[in-house]
């Protein structure tokens, strides 16, 4: 339960419904996940966040699946349970196999490890990386 | 400068040199970056970390460039200046263009934003994501 | 459930009861939330933490509600589910409306996004900000 | 220096200049800070980020200074050196006194402390906070 | 439940069983905790992670209990619920008393607080700490 | 340089000098590090933080060196450059050898890695760890 509760389609005003409709159309889905239903308490943020997500996640130089895996990498690093669950589902829908997920996790794990070795050992940036 | 200083090839013992030689061979490079020179104070960790990195970063279901970009995503999320610099350099060497980097950053930024909206609004995981 | 369980008023020793009494008096409440009941296993930390919270959260240059919203901002950034729930409740009690909460979340989200853009793009601090 | 370098006004294309002009107008300033000059490598992100910041930081239910202090709270929690410096400067410009900054820091510090006590003691959310 | 589910001993292939057998032997336990059963979907990561943990957690200059407490310190800082629970259990098995846990938490809390005071106040590293 | 600058002993008022004197006495040192000189802009926070640090870091069930190493573990996890530098210096003064530091870093690295594997694989807490 979100603190403010979730706004279902039936209760939603026209601004919120317009975003919900668009989300379902883009995702070829017939339901809205809780994230948007919570954010719908603030229709302006709902609209802005959806527009940003749509712009950012569209296939470009990076394909949609790669972008979903990057989303998982960030979410696992931040320990965001909701985002890990929702973006893992989205990545699977976009074609992520178990083997790809395993490799993704292995890289995320190592990066989190060596990030702390680099900071703990107080390693200075090599001049070659500053060019 | 690492607290313990950096161990250059000339000062290094045979275990450390063996890892340095392997790093340079794998990377087709003639130098070692500071991260490894700091870690070399602990030859056992140096060997283990290198073996792990080698295993994790080898192309598999995900290609090497995708893995380097995931590394950057984690490092930027953790604010690890050294790792951002070194893995951005590695990703560029592996073919990351400015446009790919820009898209990567856009996804990393959005993921960090929505991670906090999900937690702040206390959004519960949808049943559909638990299957 | 805390690993160590929760110490209820009835079981508590005099040092712990003294803190519980004070918390209830300051908050004009007739119950103690789980955070303090867990911390009560360590009466010295309980006392120190309560004294610090009391000193820090008292209205001063910033009013109490602003301080509670800053607490939420930190807790959402850290993904601390307990603290988000407890300080959101406290902030509402202090007068935070749904509209204020929505604006708070929007700022927290953007700050988490641009923090990573700044680090990922390796942006140097402007001289104008160093003065 | 950003990895990609900074795009100065003189070098910038029309889309970037349009954002720069708007930033300077809104802020009543005659210069652009490095964050935007780095992001300008990606004019689409530059535009989206600026539009979002403008929408989020405008005075509403929370005044501009409160929003800047929330930005500092998040940035200090995330250890983002650039953002701490830039938003501390912005908050001062908006009227934050030394005494206000000191109180802000005290709350940020305590929140980061108790966030970890809550997680480390594995404190469960009180039913009263779930309503 | 892990997204991929958990691999029980009965279903496991020989590589996974070999690791499970070793974990139970080293820990003098007759069961495997969920972390390993989830990771078992990737036998290579399972093996590598177990070998690393075994090497890192063996008593050396620091005893096993100290290492478990350091593990808790990191896990509480990162808000990793699973790791806090599992390593608190492991530390207790290794002799951590309630009083030791309380002191550990107090240090973790203060460190998280002063980390943000240091960053928020933009404190420069003293020359004496750079030697 | 702290944003607010550093308050040297000569400029300090009597409340600040009293804390500085106590810090130097406890540490058997003839100088004050920058952290305290920055915090001195807020004599109340200076006093509270010092009292808390003194209480928390005093040898108890855990010895002083163990506490300093826990401080480093948290600081490296949070990427707090100042705190890593200052507490590494303090730990060395308290007897931390290079070999101890190396083991500390190895544990910190692994904990940061497995924290993300546990969250990314969405591992549920074993019943055995809830007792």
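All chains are identified by letter, namely A, B, C, D, E and F, in their written order; residue positions are counted from 1 within each chain.
Just so it is clear, a residue touches a chain if its C-beta (ideal position, glycine included) is under 8 Å from a C-beta of that chain, and two chains touch if they have at least 3 such contacts.
These numbers were taken from a predicted model, which means no experiment stands behind them.
Participant: So which one's got more C-beta contacts, B-E or D-E?
Facilitator: D-E
Participant: Centre to centre, by mean C-alpha position, how many angstrom separate subunit C and subunit F?
Facilitator: 21
Participant: Taking the mean of the CA coordinates per chain, how far is subunit A from subunit F in Å?
Facilitator: Spacing between the chain centres: roughly 34 Å.
Participant: On a C-alpha centroid basis, what's the spacing between subunit B and subunit D, in Å?
Facilitator: 26
Participant: Send over the residues of subunit C in touch with two or more other chains.
Facilitator: In subunit C, residues 1, 3-4, 45, 49, 52, 55, 77-81, 85, 88, 99, 102, 104-106, 108-110, 112-115, 117, 119, 121-122, 130 touch at least two other chains, as defined above.
Participant: Taking the touch definition from the header, please name the shape of the chain graph: line, ring, star, complete or other.
Facilitator: complete
Participant: So in the complex, the part of subunit B that touches subunit C is made up of which residues?
Facilitator: 72, 76-77, 79, 81, 84-85, 88, 104-105, 108-110, 112-117, 119-122
Participant: Along subunit D, where are the residues that touch subunit A in the complex?
Facilitator: Spelled out, the residues of subunit D in touch with subunit A are 1, 44, 48, 52, 55, 130.
Participant: In the complex formed with subunit A, which residues of subunit E make contact?
Facilitator: Contacts found on subunit E: 3-4, 41-42, 45, 49, 78-80.
Participant: Note which residues of subunit A are touching subunit E in the complex, please.
Facilitator: 79, 85, 88, 98-99, 101-102, 105-106, 109
Participant: Which stretch or stretches of subunit B touch subunit A in the complex?
Facilitator: So the residues of subunit B in touch with subunit A come to 1-4, 31, 33-35, 38-39, 45, 49, 52-53, 55-57, 60-62, 66-67, 69-71, 73-75, 77-78, 80-83, 85-89, 97, 99-100, 102-104, 106-115, 117-119, 121-126, 128-130.
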